[in-house]
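What follows are several structures.
Next, two complexes with chain A in common: one pairs it with chain B, the other with chain C.
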Partner chain A sequence: MHPVTKTVLVRLGYGLLTLFLVSVVIFSAIEFLPGDFTQAILGQLATPETIAAFRKELGLDQSAVSRYINWISGVLRGDFGSSFSGRGQLTSGTSGVGRSREVADLIAPRLWNTLFLAGLTAIIAVPLSLFLGITSALYRNSIYDRAVSVTSLTTISFPEFFVAYVLILIFGSLWPVLPTLANVDASTPMAERLLRSALPAMTLTLVIIAHMMRMTRAAIINLLASPYIQMAILSGASKSEVIIKHALPNAWAPIATVIAFNLAYLVVGVVVVEVVFVYPGIGQLMVDSVTSRNIPVVQACALIFAVTYIVLNLIADIIGIITNPRLLHPK
Partner chain B sequence: MKKGSENYSAVAETGAVLEKRSTWQRFVLDLKKSPISARFGLIVIAIYIFIAVFAPWLAPYGESQVFPAPYEPWSKEFIFGTDQIGRDILSRMIYGARNTVGIAVATTALAFFIGGVLGLAAAIAKGWVDQLLSRLVDALMAIPSLIFALVLLSIFGTNIINLIIIIAILDSTRVFRLTRAVSLNVVVMDFVEAARLRGEGLAWIMRREILPNILPPLIAEFGLRFCFVFLTIAALSFLGVGIQPPTADWGSMVRENASLIQFAQYDIKAGLTPLLPAAAIALLTVAVNFVVDWFLHKTSGIKDEQ
Partner chain C sequence: MKKEDYLKNQEIKYKLGVIDRRQFISSAIATGLAVPAALGLAGQLNAATPKKGGVLRHASGYGSTDDSLDPGTSANSLSQNVIYTRGNHLTEVSNEGELVGELAESFEASNSGKTWVFNLRKGVEFHNGKSLTADDVIASMEYHGGENATSSAKGNLSSVASMKKDGNHRVIFELKEGNADFPYLSSDYHIMIQASKDGKIDPLDPANGTGPYMVESYEPGVKFVGKRNPNYFKEDRAHFDGVQLIAVIDAAARQSAIMSGDADFADAIPAKTVNLLARAPNLEILETTGTQHYIFPMRLDTEPFDNYHMRKALKYAVKRQELVDKILLGHGVIGNDIPVSPAMPFFHTDLPQYNYDPDKAAMHYKKSGYTGPVPLSVADAGFSGGVSAGELMVESAKQAGINIQLVREPNDGYWSNVWNVKGWCNSYWGGRPTQDVMYQAAYTKETTWNETAWRDTEAAIKFNELVVMARSETDNDKRKSLYWSAQELLHDDGGSLIPLWANYIHAHSKTLAHGPVAGNWTNDGNKVSERWWFS
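Here is the complex of A and B:
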C-alpha cells in the first residue's frame, strides 16, 4: 500500500474513534444529573407516576450501555428525542412527550441558518485573508505590511462580542446603514437575508481572518529562504512572479490546514455572535437550552458542533498529509 | 580588564569575587532592553492589579448599590452613568476588575496545577499511565471547549465554583499536552536518571529535577492560557451562563447595557457605555499578549522571520 494511503487511513480510523468517544462523553453527561432533576423539569405538581413515566422515557430504568445504543442509533437516523420544555403542570400519568417538540424539528431550520452564516463568512474571509497574506509577504516590512500585521494582532485578542458591538456602534447606530437585528426566517428573501446577515458575517470575518492571514504570510516567507527561490530570483523573475508562481504552490499545505482549522474555530465563534445579533441559529438555541437546562437539545447541539469541529480538523490533517512531498515521494 | 594594564594577573581576575546580580537587578536590566509594547503591557497589567486589589477604596459607590435613576447619562455624580437598574457603572467596572480577573487567575492556576501535575506524571511514569491520560485528553480536546463548557454548565448548573472547576479541567488538557511534551525531553537526561537511582520519589523528581528546567515555556503558556480562560469566562458571562448577578462582571455588564448602543446617534457617550467593559477585557488581553511575546523572545531567543 502507498504510504500516503496508509497514513490517511490511520488518521481516518483515529477520527472515527474520536467521534465515538465524543458521542460517549456527550451522552454520559446526563448520567451526572442530580437526583431531583425530574422534579425540576416536570414541576411541583408532578405525581409519582409522571416521574416514573419520565424516567422510563429517559431510559433510566435500563443499563447505560443499552441507553447509549438506543440514543446513538436514534441520532444516526436523525432522531434526537424530544425536548424537555413544556413538560410542567401535568397531572396525567404520561411524561408529557406529546406536549413537547421533537428536538430534530427545533434544530433543522436553525442548522440551515447557522450553516448559511458560516458559509457566508468563509466565502468572505478565506479569499480576503489569502489576499492580505500574499500581499503582505510581497511588500514585506513595508508600512502596509506593518499596518496589516498590527491590526490583525489586535483583533485576534479581542473578544467576539467587543468586535460585534463596535461594528453595531459604527454601522448600526452612528451611521445606520446595516440592520443590527438578524432575525431571518425561512420566508426571508435572499437579498434581505444577506443584508441582515452582513454584520454577523463581518464580525466573524474579523475574528478569524487574522490567524489565516498571518499563517499565509509566514508560510510564504519561510519558503523565500530556500535555494530554489534564490534560483528563481537570480534567473530574473519579478518579485510577484516568484511569490505567486514559485512559492505559493509549495505553501498550500500549511495554508489549507490553517483554513480548515479556522473554519472549525468558526463553530465556536458563531455561538456568541448569534446571541449578539439575535440570529436564529443553533448557537443561540444551545445557549437558551443551557439556561433552561433542556438537556436533549443541549446534547444534540453539542454533538453537531463537535462533529463539525472534528470533521474539519480531520480534513485539515488529511490535507496536510496528502500534500506533504516527503510522504508523496518516499525514498 | 584592559590588555595593556601593567599589573594584570590572570589569577587575580579568576580569583576575584563575582558579584551575582539579584533577580530584581536582572529584571531591571531586561526591562531597559524591552520593546515599547512589552512596557505598555506591563504598565497596563500593573494598573489592573492595583484596581483589583484596592477596588473598595477606589470605587465611588458600592458594588450593587442601587440608585433611583436607571440609565442615567454620564455626569459628575455618575462618571459613566448608571445601568438598567440604577447601579453606578464606574463602581461596577472597578469591582468587575476584581471579580472577572480574579476568577480568571484562579481558574488558570487550577488548570495549571491539574494539567502540570498530570503532565509531569505522564512524562515520568510513561507506559499505560501516559497512554490512558493522553487518550483521555485527546477525547476532551476534540470538543470545542466553549461548547463542552456549555454542556457541563447545563448539567451541573451555573455558579462560580462550577464555572471555575469546569473551565479549569477543560483548560488543563492544553497544559497537560505542553507539560508532557517539554518534560519528555528532560526526563531522558542523565541527572534525572541519577536522581531516580538515588531513590528519589516521584514528587521530588517532578518538583526539583524537571520543573525548574521546563519553567520558561510554562510561564509563557500561563499568560496565553490566562487570556484564553479570561475570554472564555467573559463569553460565558456575556451569554448569561457564567458569573451571575449581582456580582459585577465585565462580560455580563456588556450584555446588560447593550441596548444603550442604539442611542449613540443622540448621545455618543451613552452608546459607548456598553463598550467600556468590553474594552477593559480587550485591553487586558492585548497587554498580556504583548508581555508574553516579549518573554518568549527573551527566553527562547526566537528571532523574527528574516
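Here is the complex of A and C:
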C-alpha cells in the first residue's frame, strides 16, 4: 500500500475513535446534570405521575448502556430524537408526547445558516489572510508588514462583540449602508441573504484573519533560513519565486492546521456574533437549548460540533501529509 | 346647532374626506377658533386618521425556539403577539382598557352569572375561506378546556359545565358556578377561535385564524411574517400591508436595529439606556404603566412570616420610592402591597399607602417578639435588579433595627428551587385583566402558585369567601364593596410585599402613529400590528 493511503486510513481510524469517545462524553452529560432532571424540566407541573410518564418516555428506567446504544443507533440512522420543547406547558397527567418537534427539523435550517455564514467568511478570510501573510513575508520588516501586523493584531485583541458593535456603529449608524439585523430565513433570496450576512461576515473575518495571516508569515519566514532556500537564492531565483515556488509548498502543513482550526471556530464558536446580529445560527439554538434544558438538541449540537472539529482537523492532517514531499516520494 | 356640535360635525366630515383641509380650517375659524389653533386641530386629526400601507418590522425581546403555532402553548410576549396577529377571540380588552366583544357581537349573563350567551358576529371568514360558526367556537373551547386539554388556559375554562349552540351564531355556556368575569376569562390570549372540521380544530394549521394578518411564514424564536387579511372584519384596524415579528433577544441588538432603521418598533427597552435612546432624532419612546409588578412574597408557612407584626414591620421597612428611582431608574411607580392596578376594575382608591416609616416598623418588629436575622432569598431571575433591590432593603430595614439577611440564589433553577419554596424571595407578575383572575393565579387557597401561602389566617379565610362571592355577583355596586374589602384584607394581613409597578418601555420610529395605548400587556396589549399605522 502507498504510505500516503495508509497514513490517511490510520488518521480516519483515529477520527472515528475520537468521535466515539466524544459521543460517550456527550451522552453521559445527561447523567452529570445536578438535581432531578425531570423535575427541572417539568417545573411547576412535576406531579408524581407526570414525572413517572416522562422518565418512562425518556427511557430513564433502563440502564445507561442500553440507552446509549439506542441513542447512537438512532443518530447513525439520522434520527436525533424529539426535542423536549413545550413540555413545560403540560397539564397534569400527560407527558406531552407527540407535541414536540423533531430535533433534526430544528437543527437543519440553523445548521445551513451557520455553514452559509462560515462559508462566506472563509471565502473572504482565507485567501485574504494567505495573501497578506505571503506578502508580509515577502516584504518583511517593511512599513507594509508592520501595518498589516498591527491592524490584524488590533482586531483580534478586541472581543468579537466589540468588533461587531464598532462595525454596526460605522456601517449601521454613522454611514448606514448595511443592515444590522441579519435575520435571514429559508425564503430569503440569495442577494438579500448576502447583504444581510455582510456585517457578521466582516466581523468574523476581522476576528480570524490575524491568526491565519501570522501563521502563514511565520511558517514562510521560518523556512527562509533553511539551506535549500539559500541554495535557491544563490541560484538567482527572484524573491517572490523563492517564496511561492520553494518555501510555500513546505509551509502548507502548519498553515492548513491553522485554517482548519479557524474554520471549525466559524462553525462552532460564533454564538456571540450570532446574538449581536440576530443571525439564526446553530450556536444560538444550542444556547437556547441549554437554558431550557432541551437535552436532545444540546446533544445533537455537541455531536455536530465534534464532527466539525474532527473532520476539519483530519483534512488538515491529510493536506499536511500529502503536501509533504518526503511522504509523496517514498524510497 | 351649537358651536361645539357644528365643529364636531365638520371634524367627522373632514375625517371622512367630505370636506378638504382648507374648508375644515375655515369652518373652524368661523366658530371663533384662532387660526393657529384651527391649523393645529387639522394636524391632530390628520395624525389620528389611520393610513393603510407599509410593512411593520417589530423587534421583540421575547420568543424562543420552543414556541409553536399552537395557541395553547404560548408562554411569552412574541408568541402571544403571533396569536393576536393571526387570530381573534370571543372578547378582547380594548386599547382603552374596556372589555368589548371581538368575534362575539354581544354577550350577556343570566341565572346570576351561571349562564352566558355569546352572539357571534356574522360574515366573519377564516383565512382558509370558511365562515365562522358556533361549531368553531365550541371546538376551540373544547380544545382548550376539555378533559384531556393540554392548553395553558385550561384553568380559565374549568368552570364550564357544558356548551351548546343555538343556531349558527349563538353559543350558550353553562357554568358550574356563577362567574361575572367569564367574558374576561374568554379574552385570554390562548383561547383563539380556530376553524373546526368535524368538531375538532387543528391548532397548528396556519390558515385557520380570523385575524388581521395571514401567516406567510413562521420560524419559532426567529421570525413571524404575515400579510394583511383583505377580508378582515374590523374595518378600522389592520392598517399595515404586512408585519414581521422578529425575535431580537439581545437588548443592544434591539436598540441598534431600531436606531439604524432596521426595525420600526422595539419592546423591552432597558431602563438604563432609554434616556440615551430618546435622544435619537428619529425615535419616540413609549412607556405604559400596566399590570406588571415586582413582588417579595413572604410565606406564611415559614417562620417568622407567619407573624402578623413581622409582616407589617417589613412592609413599613422598605423605601419604595428609592427602589423606583434606583431599580427602575424612575420608570415605574410605587406599589401598595396589593396586586391590583388602577387600570383594573374595582381598584380600591382609598387604601392608605405604605411608606417607609422606621418607627412603625420598629414598633411592629418589637411586637412580633422575633429577634434573629430575617432571611431574604434573591436572584435576578425573580426580576431584573432583584439582588440590588434586596441590598437596598437590607439597608433601609437596618435603620428600623431589623436585620435582613440577604441570600443570593442562582438564576438557574430559581423557579423550581427557590420561588414558592423559600420563606421570602423575589418574583414578578403581569398581565392579569381582573382581580378575580389575579387572585385565582396566586392568592386563593386552592392555587399551587399561592406564593405567600396566605391561606389559614382569619383574614385569609374571609378573603377567600369574598372572592367567591364577588365572582358570581352581577350587581356592580355590591361587587365593588366585596372587592374593596378583599383588597383591604390583602393590604393589611397578606404576605405580599409589592414595592414596584414596572413600566413597559418601547421605542418606535416617528413614522408610526397610534391611538390610545392599552396597558394590559406590553406592546399596546400586544396588538401593535392590529392597531397602529404609518402616518
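A few comments on the model shown:
One rule holds for everything that comes next: the second predicted complex is superposed on the first by the 298 of 331 C-alpha atoms of A that agree within 3 Å, B and C clash if a C-alpha of one lies under 4 Å from a C-alpha of the other, contacts with A are read in each partner's own complex, and residues count from 1 in each chain.
Note that in this section a residue touches a chain if its C-beta (ideal position, glycine included) is under 8 Å from a C-beta of that chain, and two chains touch if they have at least 3 such contacts.
No experiment lies behind these values; they were computed from the predicted model shown.
Under the clash rule set out above, the superposition-derived model of chain A with chain B and chain C contains a clash between the two partners.
Once the two complexes are laid over each other on the shared chain, residue contacts for A:S235 go to neither chain B nor chain C. Applying the stated contact rule after C-alpha superposition, one finds that A:A29 touches chain B and leaves chain C untouched. Using the contact criterion defined above for the overlaid structures, shared-chain residue A:A218 touches chain B, although it does not reach chain C.
By the touch criterion defined above, A:I168 lies against chain B and chain C together after alignment on the C-alpha atoms of chain A. By the touch criterion defined above, A:S63 reaches neither chain B nor chain C. In the superposition on chain A, contact is made by A:P176 with both chain B and chain C.
Once the two complexes are laid over each other on the shared chain, residue contacts for A:V275 go to chain B and to chain C alike. The intersection of chain A residues touching chain B with those touching chain C, taken from the two complexes, comprises 165, 168, 172-173, 176, 180, 275-276, 289, 294.
On the chain A side of its complex with chain B, the touching residues are 18, 21-22, 25-26, 29-30, 32-33, 140, 153-154, 157-162, 165-166, 168-169, 172-174, 176, 180, 218, 221-222, 224-225, 264-265, 267-268, 271-272, 275-276, 286-287, 289-291, 293-295, 298-299, 301-302, 305-306, 309-310, 313. The touching residues of chain B, counted against chain A in their complex, run 138-140, 142-148, 150-158, 227, 231, 234-235, 238-241, 251, 254, 258, 261-265, 268, 271-272, 274-275, 278-279, 281-282, 285-286, 289, 305-306.
Against chain C, the residues of chain A that register as touching in their complex are 35, 39-40, 43-44, 46, 83, 85-86, 88-91, 94, 96, 99, 101, 106, 109, 165, 168, 172-173, 176, 179-181, 183, 185-187, 275-278, 280, 285, 288-289, 292, 294. Taken in their complex, chain C has these residues touching chain A: 59, 64-66, 68, 70, 72-73, 75, 148-152, 154, 217, 219, 221-223, 246-250, 252-253, 256-257, 259-263, 413, 415-417, 448-449.
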